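Okay, so subunit A shows up in both of these, paired with subunit B first and subunit C after.
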Partner chain A sequence: MNAMNNKSIDEILAKVNGIKITHKRARRIRVDVAADSLTTVLELIKGQASYVHLSAISCVDWIDDNQFELVYHVWSYEENCLISAHTRIDREEAKFVSVYDLYKPADFFERDIFEMFGIFFIGSPRMEKFILTEWYGMPPMRKDFDSEAYVQETFNWTEYNPDWLQEITEQGGGIAIKPEEIRMAGQLHNMSTHREREKAKKDHVVGKGWKS
Partner chain B sequence: MRPENYQAVQLGESNEYEIFIGPNHPGIEGNYAFRLQLDGDIVIKGTADAGYLHRGFEKLMEGRLWIQNLAIVPRICVPDPAPMEVVYSMAVEEIMGIQAPTRAQWIRVMQLELSRVAAHLFTFGGHAATVGMYTPMFWGVADRDLVLDLFEDFTGGRVYSIYNIPGGVRRELPDGFLQKVSNLLDYLESRQDDYDNLLFGNKIFVNRAKGVGTLSKKEALELGVTGPNLRACGLPFDIRKNDPYLVYEQLDFDIPTQAAGNAMARILVRRDELFQSIRILRQVIEKLPSIKGPIRTTIPNPLSWNVQAGEAYTRVESSKGELAYYVVSNGSDKPYRVHVRGPSSMHAVQTLEYLAKGARLEDIAQTMFSLDACPPEVDR
Partner chain C sequence: MKKELLIKQQKRSNPLAHVFDDFIGFCQSKSLFMLHYCTGCGAIELPPAMTSRFDMERLGIQPMVTPRQADILLITGYVSIKTLKRVILTYEQMQSPKYVIGICSCTVNGGMYWQSYATAKKLNEYMPVDVYIAGCMPRPEAVIEGLKRLKNNIMQDKKQHKGSAWKDYYKNYDYYLGNQQHLFGDDWQTPVDVIAEAKLYGLEGEGTYGKNTDKLKKVQQPLLPQEMKL
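And then the complex of A and B:
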């Protein structure tokens, strides 16, 4: 417990406009807050109640509501409690303020969200590409990016039938197992090898060590 | 960035130069690059360059059934895959409001701790290799292989077990399995002196590891460092104790800490943790036969399984640190969003860049490995 302040989270955050606090279960508190009050909430819980560890910033694309949801998971080493602060921002504008001044790890998470969802964080130190350095399309984690359509457009499907396989097939060999039988065949295959392995291992006791 | 697209930077008339380490190098368990700006052999600035292992797991998971994703999640971290399945299953369970039966929880603890043992053995070898000692690498990998044999025995898979399922675990333990675990623990304990002589008390290693990559407790907290790296700075924090999950509350174990916060302290914390894991596993072996009951609760047909709308943030202590999943469901048969918070995303990017500043070039590989980062957790 913070010696200076014994107020509960509900008391600390009581004056924030339009806030909704839900105690989900032991050590988990959910806070729903408007976008313009989010930094206030983080400042209060960090300054007044020792929530110093930013565990993660998650982003959810609610495309039907035309909104992005940002979730700040903050942990207190003293209270052993996690606060998840949820807020929603406009999807078209896709801009928000950085919390790097409060939490250094925000650098990584904000850059990740910038790259994957295209949300620009004002004041974040490195709003640049990191993982997808050679990607120039739409931010891929957005719901309107269809990865399957992208694959169909970008790559050509070819049937795998090399010369060596054709030769074997002509001789009556090749892939003999029909696709519908593969599941069962796989099981039988595993069983036989397992038995063989067990037999081979019979004299070898694990506990006797590597040298034996 | 692809190495072939990398353009060497001309830094004008000065002694400074820039080199590109990676994506394959001894400093890390996977493909990861690091750009260093150097003056002589002193690093002025290091820039992490990730993306070589990006397979878009989070996007893939949005297009697959809840149950299919269990085959994807363990692939996010190769050296320590078990916590991934467990934390994903726990998140789905929390959204559904169900709980795994007690027996399944004990089996999960066993799986997690075996995985931790395997991961730490791997790290010892890798860390030693960065200072030029290769014997611990052979020993570590050989002993890890014995743990993998156990995984094969009880889950069917050596590395990716895909053994968990929301609501419990897939199969009952094979006959005589606990005896095999017990034998392995005896063997690992008998190796303690060997490892201490070869690695932890060896002057070649100790003199090189002391003073490398030193983090203070304050810096570690600011940079979001978790797990063994945080405990090596003197903060006795462990999610298994402080945010307990499964049946860790009923188990008796200590949280090893070190004060120095350098590479040596970090490997010593991992060494002590290995033996704490053995202690936990001994308790599991003793307790498990007396816990009867089912190994999983009934769940709907997994192929047409609509998980009710909701969200959950679950965390476990993996061998690397705080591993968390944020899972959102909108009531359909596929997750709406899965966010993976890997501990290495904090260690391998900001912390590493911070530690690289002012370090010497020959210490970079060791600094990287002492943080025990797993690049696929950054890339996902």
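And then the complex of A and C:
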């Protein structure tokens, strides 16, 4: 219950078309709303219910539905309650209206999403490069961006080099625990003394792989 | 006509030349200033390596605040492409002889970030690396061991040419520049004129020039003093 005017969130948002309010827990409210009435919701909860802190805007790429989901996380210091307003927009068009005039921090969040997902926010003050200043490809957080294929194309791979390793092994270094022993490493750690561990290794009690 | 300033390798006639080489190598290896570029998680192993427990200073290695006064560039962890630009700028500012140490697996081949689009994988494609200290993360003992190895390399530099990886940057500048341009685009330019430095040190090789340096010449703009603005 809002302390100031004794109106609950449900009453404030009742007139918005097609809205679905879910009280997840005592201090978490989820609001699902159509894209064209999202700014109305934000304006109502900021103006009438003290939700003044936009703590994040997150984005989800639902590639099978051909949609982007935008989530606006808004916090109230008086209610100590977080509202997350969910909305979905078209993936091909990838355009949405900026909420910069309502919440100033949206500048950074929208710029970030523009860079990572390629959604253009109409009315946002600086729709330009933010963190990935050396990036020329498609937005990398989209689901159809294949990071591994990009790496294979762009970078060279260092091969495992046995000569180099042998030189170190001769000097007493090298790999301490072989990969096949790592699976049984828990057993080795349980043995209390060094001598016990060495004996176990010698007798091949451990180190044959996890099936044995 | 202006005379070009060139340091030419002269024939050595001094009978004590090798003794001096040994002495210079010994002195250089005993006083090293280290600039640590703490990019990733490996930086957390440096405080114990520097302070009383493992005590780097007993080897004559001290942290230094500016690249121009440092001998060692220590890169501790993954290098994102944006960071790599800064690392290269830092490296080129350093005065030779200069040494690069890559700590953690990430500098060797990308480590656990091997499939990330944002991190550069092999550091020695962009600058010559003297010593790698592999591990995720290496313990301070390993860091000290790596530093000792670098000291040995510097001491034996004149005989075995182990500690002179920095000369490779001048001799094969075209290769390094090509890899840098591959990531940063063809208009990549640093404030340091590496080719002019290579001429000055007499370290020009066949690899100093190539198609990548030609590309650089086309886009290279003369460096002007920056305007002061308040």
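What we mean here is this: the second predicted complex is superposed on the first by the 158 of 212 C-alpha atoms of A that agree within 3 Å, B and C clash if a C-alpha of one lies under 4 Å from a C-alpha of the other, contacts with A are read in each partner's own complex, and residues count from 1 in each chain.
As a convention for this text, a residue touches a chain if its C-beta (ideal position, glycine included) is under 8 Å from a C-beta of that chain, and two chains touch if they have at least 3 such contacts.
Please read these numbers as outputs of a predicted model, since none were measured by experiment.
When the shared chain is aligned, no partner comes close enough to touch A:L102: not subunit B, not subunit C.
Of the two partner chains placed around the shared chain by superposition, subunit C is the only one that A:W157 touches, whereas subunit B remains out of contact. Once the two structures are superposed, subunit B and subunit C can be ranked by residues of subunit A touched, with B on top.
In the superposition on chain A, A:I9 makes contact with neither subunit B nor subunit C. Of the two partner chains, both subunit B and subunit C are touched by A:S147.
In the superposition on chain A, contact of A:I83 is made with neither subunit B nor subunit C.
Legend: residue contacts after superposition of the two complexes on their common chain; A:H73 is shown touching subunit B, with no touch to subunit C. When the two complexes are overlaid on their common chain A, residue A:T133 makes contact with subunit B and with subunit C alike. By the touch criterion stated above, A:L42 is placed in contact with neither subunit B nor subunit C. Overlap of the subunit B and subunit C interfaces on subunit A comprises residues 131-134, 140, 147-148.
By the touch criterion stated above, subunit C contacts subunit A in their complex at residues 81-82, 85, 108-110, 114-118, 120-122, 125, 182-185. Those residues of subunit A that touch subunit B in the shared complex are 27-28, 52-56, 58-61, 71, 73, 75, 77, 80, 82, 84, 103-105, 107-108, 112, 116, 130-134, 140-141, 147-148, 190, 205-210.
Those residues of subunit A that touch subunit C in the shared complex are 131-134, 136-137, 140, 145, 147-148, 150-151, 154-158. If you check the complex, the residues on subunit B that touch subunit A are 1-2, 5, 49-51, 54, 56, 58-60, 63, 142-143, 146, 149-150, 156, 180, 182-184, 186-187, 190, 221-224, 226, 235, 237, 242-243, 313, 315, 322, 324, 326, 328, 336-337, 339, 341, 345-346, 349-350, 378-379.
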